[in-house]
Amino acid sequence: MNSEGMMRLLQVQQWLYREARLLDSRRYDLWLEMLDDQVRYRVPSRAYIRQAHVKDFATWSVERELECDDALALIDDDLAALQLRVARLQTGMAWAETPPSMTRRLVSNVMLLDSDADGSLSVVSTLFLAKNRSEGRALFTAERRDRLVIRGDDFRLRERFVVLDDVVLSSENLSQIF
Amino acid sequence: MTHEDYVAPDGASISPLIFSDPALYELEKRRIFGRAWLLLGHLSQLPRPGSFLRTFMGEESVLVTRDRNGKIHAHLNACRHRGFQVCQEDRGTTTRFQCRYHGWTYDSDGSLVMVPGEDQLYYSEIDKCRWGLVAVARVETYKGLIFGNFDADAPSLQDFLGDMAWYLDIILDRREGGTELLGPQRWRIAANWKVVAENHCGDEYHIGFAHGSALPPDLLSSNRAAPLQFAREIRPGLGHGLGANIFPDHMSPRDWLNQGPPSPPCVLDYMVRVYDEMAERLGQQRAHISLIHGAVWPNFGMVPIFNTLRVIQPRGVNEVELWSYCVVDRDAPPEVKAWVSAHSTRAFGPAGSFEQDDAGNWTAVTRSSHGVESRKHRLNLQMGVGHEERSDRMPGEFGLTASEINQRGFYLRWMRDMFEGACS
Amino acid sequence: MTHEDYVAPDGASISPLIFSDPALYELEKRRIFGRAWLLLGHLSQLPRPGSFLRTFMGEESVLVTRDRNGKIHAHLNACRHRGFQVCQEDRGTTTRFQCRYHGWTYDSDGSLVMVPGEDQLYYSEIDKCRWGLVAVARVETYKGLIFGNFDADAPSLQDFLGDMAWYLDIILDRREGGTELLGPQRWRIAANWKVVAENHCGDEYHIGFAHGSALPPDLLSSNRAAPLQFAREIRPGLGHGLGANIFPDHMSPRDWLNQGPPSPPCVLDYMVRVYDEMAERLGQQRAHISLIHGAVWPNFGMVPIFNTLRVIQPRGVNEVELWSYCVVDRDAPPEVKAWVSAHSTRAFGPAGSFEQDDAGNWTAVTRSSHGVESRKHRLNLQMGVGHEERSDRMPGEFGLTASEINQRGFYLRWMRDMFEGACS
Amino acid sequence: MNSEGMMRLLQVQQWLYREARLLDSRRYDLWLEMLDDQVRYRVPSRAYIRQAHVKDFATWSVERELECDDALALIDDDLAALQLRVARLQTGMAWAETPPSMTRRLVSNVMLLDSDADGSLSVVSTLFLAKNRSEGRALFTAERRDRLVIRGDDFRLRERFVVLDDVVLSSENLSQIF
Amino acid sequence: MTHEDYVAPDGASISPLIFSDPALYELEKRRIFGRAWLLLGHLSQLPRPGSFLRTFMGEESVLVTRDRNGKIHAHLNACRHRGFQVCQEDRGTTTRFQCRYHGWTYDSDGSLVMVPGEDQLYYSEIDKCRWGLVAVARVETYKGLIFGNFDADAPSLQDFLGDMAWYLDIILDRREGGTELLGPQRWRIAANWKVVAENHCGDEYHIGFAHGSALPPDLLSSNRAAPLQFAREIRPGLGHGLGANIFPDHMSPRDWLNQGPPSPPCVLDYMVRVYDEMAERLGQQRAHISLIHGAVWPNFGMVPIFNTLRVIQPRGVNEVELWSYCVVDRDAPPEVKAWVSAHSTRAFGPAGSFEQDDAGNWTAVTRSSHGVESRKHRLNLQMGVGHEERSDRMPGEFGLTASEINQRGFYLRWMRDMFEGACS
Amino acid sequence: MNSEGMMRLLQVQQWLYREARLLDSRRYDLWLEMLDDQVRYRVPSRAYIRQAHVKDFATWSVERELECDDALALIDDDLAALQLRVARLQTGMAWAETPPSMTRRLVSNVMLLDSDADGSLSVVSTLFLAKNRSEGRALFTAERRDRLVIRGDDFRLRERFVVLDDVVLSSENLSQIF
């Protein structure tokens, strides 16, 4: 890592922190501005699938537990779907968030995996999200695999893939953004 | 309060106690979940010999297998030696379930095929035939769906479904190739299972308010108590219930498809083609029916308008685990399947614009039912009582767009199963 | 063990079982929390028509409102349709509580004012007058404090308070403008509610040890068992209890104010001025009394020496939710209010130098009460038994600086309410 | 962000980590040395207050849920009060911390919001605090809004405002510093 | 089902209900844990006057002390005033246990030595002799191990151990200096205590499968059902059980030591030397026995082959807290102790290669026992039933390498203690 | 901290993140490659021990609660033992991890304490580890005290000492690496 790479890493980190703070502050309108037009936002389901042989750790992959695409994801949104998700909150009848949840996001383990020829960045980070309501507290942990595109001094989210660590969600709904 | 007061004779009021009494829940385990046909899965989930899946009947872990000969089985997922769950995964393929504790090994047909030390340590005195996995007493299928029943003396699945089958065919039998299931999504909700089940079974009334954030604004501005013009509540009997749009004979599928939320042309075209096939298979009347919501007694819910089927797995008196599937026509083109599953999951499932708000309803009702003061007052299920109608073209009884006809049917069935001639 | 053994006839010993038996707790819900006057809040929390707050009576969620005409109401926070909590916030302003599940709508006086589909779906057959929110049977106020009672046949609030009122006035009625409440702070403690309540009601004995870290060192070095020279335990009867400094007639307020922890001049001056007003309103004797701690039966505790009032909300047999308020004179100058609330919260509340250590006492006593061996032995409440005194200047019975007179009164009241002539 | 800003950010981060480690190591005496004489340390209560309209996300603010100043905070301390809090622990009778809790603080999402003319720094960070005792474990999440003053190569805490994500605390007390 | 059906008369089958019925667990607290000798610790843990440790008997917190005169005591860890746990640490040194709530103070012999305000506040009316800590009725030691018993009428510890003592000596009495304990490691497992205890008591059968990942491959390839050539299950009676390698007379220690996993030379040499001392102290026969696993009724388990002793502390019907110690010869050289404890902890304890997999067995068996359907079927304990043998050289009854002889003994003892002539 | 120190800090941080990601991805084979031949990996037990006097916060140390060396640790491994731990997982009979746990590690508060003459680095970090299985979720918090040796552009783990914040573990086993 050279000092340029370091700078880039810190910029990305700060961008992720800023995103987390907007979401915890319920500024969904400003969060939408962080998205690229082509954004794809996915949260797969996860399942325990019988493993045939175990000697090679490459076969222990998390990937085989994730259900997306041809299976049934938990969330599979494009920009329009995300905008609807946010617009819903503004109707005054989005009861799951009335009163709004008290959320807190810890973003950690930020790594730049690579930069593509088109200048987009592949970033992984670890998310710990606590969501408190009077009914109780839900805790989520996840790896987020993001692709960011560079826009001048700033970034836009082009792709997010959220690996939640739950098979059966212990939360009564997913009313928040990861 | 005696048990006669739990549900009024006409079903028009109930006591909140039935959502919160742990002793009643213990009884339900035996009298409801020990006797009813419960949804286990779909044949498409067990594509080949050795395929298996793990699910629940009530709170019992159950292993559903397709054996070497292709036959479907369901067994308690518990080794006969000490009870260890012989299957620890949600699904996969194997014909050999070896218990991890001491190695007793079962075939996918449930038979005990190997006991370590059988000759030496057991002195060849163990009768392996007596110690196979405990079979679920009855396993039957209906148009792809697999059901199990712990009660050997239960009526047949067909009799159990009764007139509900006529309506289920609209989903399951509209195309030659039948259906397949995607999923499940699974999540926990701190609600009594009946609160969730009655909502699926009969609650069109809540749509305009509870789901106000997810409905198109023009629908809302019209009549929030009954936003769906052609909808009727239908009670096929036996505790089952559903709501459906019944489109007038003069309408054509494009007429009603254009009234819903916009779909891409490929989906619209597909739906019109399905209409033709359906009309041929099920007749003109059923082709004009589009199911909105429904539930097969006791805990198999569905929201067909968004292509979701679900099992409401009870987890104690105060909690359920919702297992939600997306149902699609097996022979639908990939782009239709993809659109359908994305569309479905944006509306239903834990992150769906509709279902996000449902959980809060169910937990709030459950919480209230625990108060000693709240419990002194009965809940109101009188909507449309005494106004049930019949039709000569369709089976069952009918209520208006919104009506509690189905909730009443649900709780009266509950009373019958819980307290009539029961002795187990 | 029969119930007669729970509390000795003279109150001087009790069985730990009463802190840990779930069946007793279920009975308490009805016989204690279903019959006593419970603190709901303060008029200052409902400043204008439409103001509301949400609180609890026992474990029941209760909605307290000021209606359009300024009248105070309390209702169960549960929709009559299915029981959904119609109010989801701690406080605010509205005159319209619309249930989110199906939209039934109640006015701030509790009446059901709108049922979606009343004419069409309900065929105009629903009698809205019968389905308003369930009113708490009785609501009365005492000098700004609002109390509710589920029992329509309960004695009046004034009779319920009895001689405790004479002492409560020292806080509530010392100034013309009365008081107002700040807060609450709220937190959970894994303790039986009675363990917390008896401590507030009568436990001056623990101050020197349990709060050794928070007391000024000179107090400690004198007499740790009874660090407060002028303090007496006072039992006004009916299960209420308090401890107070009773300063001799010859002392003037500056004399005793200088003995406590140092306060800023503005506060000291204010206290002296209050003394004069108080002497005029309540007489010389009461102006010489400064309340230390106390509790109104069953669960309204207070530590007036640090300006805190609190409700000990039971949450099952093993847990409470403490709702702690700061009480201040309404017409006190802002700088006095600010000092008082900062001073209060540094001593009491979850981060207070005193109260930090209290939680551990209460949870430890509760834990011990669960052991089958521990339960075989009675707890000792004999301090000062048989040495109760009376005064001709003040109501009630008196113990020394520290005494278990009030705990005995508390548990004897508990016995009476639980087992005498009870039939509900 | 230039390389100077980056350096400052990392210094602040390390300062916060050092603070966390002192508190987890129960070196309250050394922690006091990190405070400015004028320090103000506040933890507001939090409540659900009915929201009138919801279209504008700016009205969804966390601020309206916080109870401080004219209301009743959970903690509102100056230096003297904090010193008393620490001195209490040294009396040998601070039972809530006898034996001492086992705490662990994760400090994450550190952002420099701005620098004032007087050279003080406005810093936000996310705190996850686990407090274990034999009776059980309490978990806290919070945003901390700090103001640091610069003292040579080091900083002093001038102001801390802790936004806890609880309405009803699930901990039996607040015997630790956030 | 009546209680006679819980365990078959020959012990060869049991009902899963006994692992999951909360009412049975409440009874066990009194009839099992209220009457049996329970392991409290080891004398080496209380090296000098004032040493103390805190442990549990069943779910009761118990304080074990060595008083000023060196005498060992055990008392309920509960102040007689309100029940506060007077000791809040796992261990340490003090002769003064001052209750934090109000300051009552006890000596390390349990006597109440100081009551604040005894003269003034209590009017000298409190009889301190009557209010000392509640003593555990009986405390006895066996070769360094300290046991307590709540039942004053219990048989002596020696009688309680019976023939088990003959085998315990192989660990405890093989060297002049005796043993000492390291630890404990402590962790929670969601399992019924009997599931864990029966495993320690008699389950050699599971080793080849449950621990397949931890066994050397050559052992596995031979006979997984019974991998240990010289092992026998031994039932000394009274509910105790063990498994041991019994090496033929012609073998010498180096012969069998070389068959196990490789140890460093210093350890090997040490073991050979110990053999000589042991043969002298206990005789040739016992020197040829190496204990593998075992359990003293009801909840003191051991895996001597890996030098671990453990107490299975019950925590409700569904959970245990495992307290696992490493036992070493007191006079072993430091490098041997170091190797033994590292070797032990790599195999047993929460991170051990063996024990990691055990927890899952116990939780799975416990979970299954809750199903109303699973409970209808009995668990199989027939291995070796009717084939028990006796020896004229060693006490007790013998099974093969693997046998359920000991589990049957365990559950029959359970039946006897729970239901025979019981009246408490 | 100069810019060289900063670079080193970030490198160590990235190394720890990479380690966490390998473990969460169950690539135990690649994780073994991050270890030094001389590695020592210890997790002590922890206990409440009566404290005699409390005035001096230096006597409140976490150290006195840790049981290791002459006492009974939870884990005390060298390279061979760690290799066995990994090899066990490949036997196909390591039931505690069949199916594998879903784990997530947040690594935070990374600090470089010092560099030794031999060029090895002393690093502390805070770990939050969530381990989900169908039976439930176990949460661990810990301080990790590492010594890293420098190998060209990379590091190797020479020593790790994990201070868990539990006296009685609430997890049924420790089948994962901290």
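A few comments on the model shown:
Chains here go by letter, A, B, C, D, E and F, matching the order in which they are written, and residues are numbered from 1 within each.
As a working rule, a contact is a pair of C-beta atoms (placed from the backbone, for glycine too) under 8 Å apart; a residue touches a chain by one contact, two chains touch by 3 or more.
The structure presented is a predicted model; accordingly, all values stated were derived computationally and were not measured.
Common neighbours of chain A and chain F under the contact definition above: B, D. Between the chain pairs B-F and E-F, more C-beta pairs are in contact across E-F.
Comparing the contact residues of chain D and chain F by number shows a mostly separate set, under half of all numbers used being common to the two copies. In terms of their C-alpha centroids, the spacing between chain D and chain E amounts to 46 Å.
Contact with two or more other chains is made by residues 88-89, 100, 209-210, 357, 360-361 of chain B. Residues of chain D in contact with two or more other chains: 3, 6, 48-51, 89, 91-93, 95, 98-99, 106, 108, 128, 134, 139, 167-168, 170.
Each chain pair that touches appears in this list: A-B, A-C, A-D, A-F, B-C, B-E, B-F, C-D, C-E, D-E, D-F, E-F. Looking at the complex, you find that chain C touches chain A at residues 88-89, 100.
Residues 93, 95, 98-99, 134 of chain A are the ones that touch chain C when the two sit in their complex. Put simply, chain A touches chain F in their complex at residues 1, 3, 6, 9, 46, 48-51, 53-55, 57-58, 60-62, 65, 106, 108-111, 124, 126, 128, 139, 141-143, 165-168, 170. Partner chain D is touched in their complex by these residues of chain C: 52, 88-94, 182-190, 209-214, 321, 325-326, 341-342, 344-346, 349-351, 353, 355-357, 359-361, 363, 367. Residues 16, 195, 205-206, 208-210, 224-226, 357, 360-361, 364-365, 367-374, 377, 379-380, 382-384, 387, 400-403 of chain B are the ones that touch chain C when the two sit in their complex.
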